[in-house]
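There are structures below to look over.
First chain A sits with chain B, and in the next complex the same chain sits with chain C.
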Partner chain A sequence: MISDRTRTSLEREIRSNTVATIGVALLLSMLLMAVFAPVLAPHDPTDQDSSRNHQPPLFFGGEESETTRMIDGEIRTVTESNAGTLAHPLGTDSNGRDVLSRTIYGARTSIIVAFSAMAVSLVVGTTVGMVSGYYAGRTDSVLMRFVDIVLAFPALLITLAMIGILGNITVTVPDPLVASGLVSDRPTHAVIPVTITLAISSVVWVWIARVARGEAIAAKNEEYVMAARTMGMSNLGIIRKHVLPNSITPILVLATIQVASIIIIESSLSFLGFSGTTLSWGYDIAAGRDYLATSWWLSTVPGLFIVVTVVGINLLGDLLRDALDPGIQRGGL
Partner chain B sequence: MKDELVFLGRRLAQGVVVVWGVVTTVFLFRVISPTNPAQLMAPDDATPELIQQIEQDLGLTEPVLNQYVYYLSGVLQGDLGFSYMTNTPVLRRIMFALPGTLELAAAALVFAVLASIPLGILSAMYRGSRIDSTSNLVSLGGVSTPNFWLAIMMVLLVSVQLGVLPTSGRPIGLVDALTLLVFQADPNGLTSWVAHMILPTIALGTYFMALLFRLTRNGVLEELGKEYVLAARGKGLPESLLMYRYVLRNSLTPVVTVTGLQLGGLIGGSVVVESVFAWPGLGTLFIRSLNVSDWPMMQGILILVGAGYVLTNITVDFVNAKLNPQVELA
Partner chain C sequence: MTESIISVRDLTTRFFTDAGQVNAVSGVSFDLYGGEVLAVVGESGSGKSVTGRSLMDLIEPPGAIVDGELWFHSPELAADLTDHPDAVDGDFVDVRAVSPAVRRSLCGTEFGMIFQDPGAAFNPSLTVGEQIAEAVECNARLARGETYGLSNLLRDVLSPASSFVSPESFERAVDLLERVDIPDPAARADEYPHQFSGGMLQRAMIAQALAADPTVLIADEPTTGLDVTIQAGIIELLDELRIDTGASILLITHNLGVVADIADRTAVMYAGEFVEVGPTDRVFDHPANPYTEGLLGSLPTFDDPNAPITPIPGNVPNLLAHEMPPGCSFAPRCPAATDECTATDPELEPVATDSSHRVACIHADIAADAGSSSLADSTLRPIDTPAPERGDVAYE
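Entry: the complex of A and B
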């Protein structure tokens, strides 16, 4: 699907651009983290233990304080040091759950939503854009008015409205790594937030459709398309054989860049409590707000992971854009 | 002049079609949503007869097409219906929340424009300098940071650690603050307004600032590479005149366009920022309505924001055409 020339220019760009390479590396590590979460997470992310709650990250804390604890059925006052430990390098939350493990698992939610929402949007958006651009005329104006209507709403408001319509749909699937017996003591099932995936797709397909349409218009006036038409090739055949393959690169570049927006929308929805799963970066940031004054790391850590992921995507997007220069503009939230 | 009127007329006609589409979409949202408002409004121990009575009062037993006609004609007369929860007129409630969001969005816009455009110009003029690389790094961070997390981090740093600036609420609106200042010579209202605005404004405006910075920098760089710049320099045109009269003017077109396009984004972004700062605006109202399936309220907000966006974009196109004669009025 990618031509040799494209590949050469991509390779040249990657070799000459260290910053972008860093971006790709960041992104890859996030992907690996999401896929292998059960193996990489040092603890069960849902394992609660109030005797070790609010532990600060490694190298932080260290003050001794007196607290009351239930020990052997008795309430006793004990002196405890709250120094961070290697067992919980990024600290623990208000229920004593390991922040590092929760953050590693949180990557899964963001990555699953980002990939599936983008897949849905690519299929719908490319189809609509191709049809609209190729057939032009009335089909085009009807479809594009529809696109205008969707664009008139802020993306976040329309995803929220879709959540109101769809309710809270989640699909629980067995975690393959746990099911295969590779690791135990980890959650056996993963929650896929279907509602927010669909809600996000309901906006993102429009961004794809606009670019796909532009590409289809440009491609359809090329000589080889006219030749194919003269030879009696069907319209759908032309779209599939000629227009789509020649438009796909810029569409995929835009899709890569827009994954950044999807992750930010996803984390916003999770933050507002609509993701339907408690293992997500946005959810943990929201939960940490109640303890800002005492446990700063709770909201800080998951947010840093969001920023790193999105920086990675943006650097990759810049790289692709410089390499292929399809002349596209960044969309927005 | 005639061209301009034709242009405005055509854009407005297109805009009307889109706004009609917005109203229709929003109506359909309510129709396909699974909640039964009668169930929501009725007391817990309501009999089926009572629920049916409420459905009838709400007009929900009518055919959908009739409901649509009622809704559309209501909207045309500025009647957005009544809240399912409080039974107050939706429009009144929205008008009450609107200033909070508008003040925030406007402040974020001003902050973003004032910070990004000068920096973008400097970065482009001194390409590769320390100013340029620092600004690029900051803008990469800006477009990559979710606004709600930035908000929380600022609260953590500024309010919790340093103990300055309030963390939430909007005790006084701008109009009241100014009234207090002008008629009673009391500056406390305005001080409080400013103090409560600072963190939400930065949280909401940063992404936008980073975006505008990139656009400005790229626009100016592209413009500086054009031949007329070389020619103008060659004939000894003062650099400042060249920059202000020609380069900036030509490179700001995409900046104006994106500013217009992003206004919707600012309103959308303010949903989350408002929730962090317990800010009484449209976003807070929308989330609260969503949690109780108060569709008339959500519909009203969506229509208002959608129509506002369409109008803004027509204005932006017009401003652009005025600013840059190369953009045709078509």
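Entry: the complex of A and C
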């Protein structure tokens, strides 16, 4: 479906647009981080050690304090420094778990949920939009009124309702990197939150459907669609051969940018406690909220990762739009 | 002249817009004979293109064909449709009375349509060869009774490598491009529409229309978007194809020069109605309708460059039903108009001197025995059903 022309303009855009290149680099590094989490994470993200809890990141902290410790069967008062160490460069949380490792693993949840929810939304939204726009009339009215109803409610409300209906469904899959014996001492299974994915898809597909419908209406009034009808081509054939290929670009651009919103919705849900897994950025932000006054890094680190990912995706979306929309002149707006 | 291929009776196409009901085509009747070129001429907005599109079932909401019969000569289909006695008359099938799927399949196998703007009639994201091959493939599939269904769609989406067109269809597409005199057809077939010039693209579109070996070609302003020098080539090609393939051509145009070149018969359209139909030389040399006279008078002539050009005063009336002038719709602009003209709406009637030449004007010299409004040259059914009351068809 990607023509030579599209590829050339994409390549040109990447070469000429530095900001967009940064976006692609940010997103790629997040993807690599998610895929190779077991290799990159310095510790097991679930490994607890209360003797080194609330340790600040490297170059932070350093105050000396007196604590009581049980050493060799005796209770002694010792002077300890809480300075950050290289072993836990981004600090530890209230259970002594490594924040960096948790954040690296958290990328997996966000990215799996974001991409699978977008895949579901794309399939459903594009199908509904194409059918609605192409067949018009009553079909269009019924489908679009339903879309309007979904759009009328706050996204979070519908996802929470969906979670209530579906219950907490998760799929546990073995981590291929651990299973192959490449790394040990890491969680052997990854948890994919199915409920969250479906719940998020139930609000995102309507945006795709709206845009797909508009594009289908524009494309179906083109003369080449009439020409195809005079050939005796069926409606499905026309949608597949003529309407879809000429509508797909804006849909893909929107989908890219919506991935960023999905990551934010996923984090919000995890923050509210509906994550399905405890290895999630939103979950860690929520857990760190109680210690915000003393251990700021607990919420800040996963928050920064969300920002970086969302900015990266938005820059990629801009790049796609600039490269694929012939209406936008090169050199920015 | 041989048997008729298409018999249109009382075709009425309306558009139901927010501004009101537009009577784009009001009760048009005509026959298209085998191997002939019938030109439909008229000003912009006279309903010529809507007539052509109505034949191809290309009227989209808010428009609709609200009345009329479209009888197409198709012995095979007529034999198949024994359970639809209303839709069959001898070898003819009324496409308005059959299902949309049958209609589309008939259009796909028997008709070829050439559009006005070749740039818009090709999908910019597919190569020209691929699109012509698609027409070949569609026709082959229709002939086998296959349609592109949900299973094809799923297979197409799940395996991007699967191709709609077969290599044989693509070869045929290259042959078709060669047939319409495109140099180096094999290389050009792999090019995209934007790499073609307007004239070349128009030829490619004719090739696409020929994919089905059509018995009827409907050419909707095939030369309007082209340079004058290229127009002549396209017209020549159409004429050549008509002779080679024996296909009839319904040529919709406002270019009277083109009409004079290749049309056997000419129909003049005004405000959604045929006002004059006849052999081209009769219509051009002895126009019976003041409107036809006006059209011809507004052309410059090569014989006498100093002859004044006489434009027709005024504009084509707005086709909104409630703004149409009463009686003859040309009356407000007609130099010969009388009170009688605004009182009665004239029907097409044979001219006294030649029964193949018919005119809708009460001042024309009409044959004395033309008591009924039947089509004098009709070899098929006469018009005996009265025209429907205006506005009696509700739009759903």
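By our rule, the second predicted complex is superposed on the first by the 318 of 333 C-alpha atoms of A that agree within 3 Å, B and C clash if a C-alpha of one lies under 4 Å from a C-alpha of the other, contacts with A are read in each partner's own complex, and residues count from 1 in each chain.
Keep in mind that, in the parts below, a residue touches a chain if its C-beta (ideal position, glycine included) is under 8 Å from a C-beta of that chain, and two chains touch if they have at least 3 such contacts.
What you see is a predicted model; the values in this text were computed from it and never measured.
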item	value
Chain C versus chain B on the shared chain A, clash or fit after superposition	fit
Touching partner for A:145 - first (chain B), second (chain C), both, neither	first
Which superposed partner A:154 touches (first chain B, second chain C, both, neither)	first
Inter-centroid angle chain B-chain A-chain C after superposition on A [Cα, multiple of 10°]	80
Superposition-derived comparison: chain B or chain C, residues of chain A touched	B
Chain B versus chain C as contact partner of A:227, first or second or both or neither	second
Partner chain(s) touched by A:77 [first = chain B, second = chain C, both, neither]	neither
Touched partner set for A:314, first chain B, second chain C, both or neither	first
Touching partner for A:184 - first (chain B), second (chain C), both, neither	neither
Overlay on shared chain A, then closest C-alpha pair between chain B and chain C (Å)	10
Common interface residues of chain A - those touching chain B in one complex and chain C in the other	none
Chain B-touching residues of chain A, taken from the complex the two chains share	145-146, 148-149, 151-158, 160-161, 163-165, 167, 260, 264, 267-268, 271-272, 282, 285, 288-289, 292-293, 296, 299-300, 303, 306-307, 310-311, 314-315, 329-330, 332-333
Residues of chain A touching chain C in the complex	1, 3, 5, 136-137, 221-224, 226-234, 236-237, 239-242, 245-246
In the complex, chain B residues that touch chain A	14, 17-19, 21-22, 25-26, 29, 32-34, 140-141, 143-149, 152-153, 155-156, 160, 207, 211, 214, 254, 258, 261-262, 264-265, 267-269, 271-272, 275-276, 286-287, 290, 293, 295, 298, 301-302, 305-307, 309-310
Chain C residues touching chain A - in the complex, by the definition given at the top	53, 56-58, 60-61, 104-109, 111-113, 115-117, 120-126, 131, 134-135, 138-139, 142, 147-150, 152-153, 156-157, 160, 164, 192, 205, 208-209, 211-212
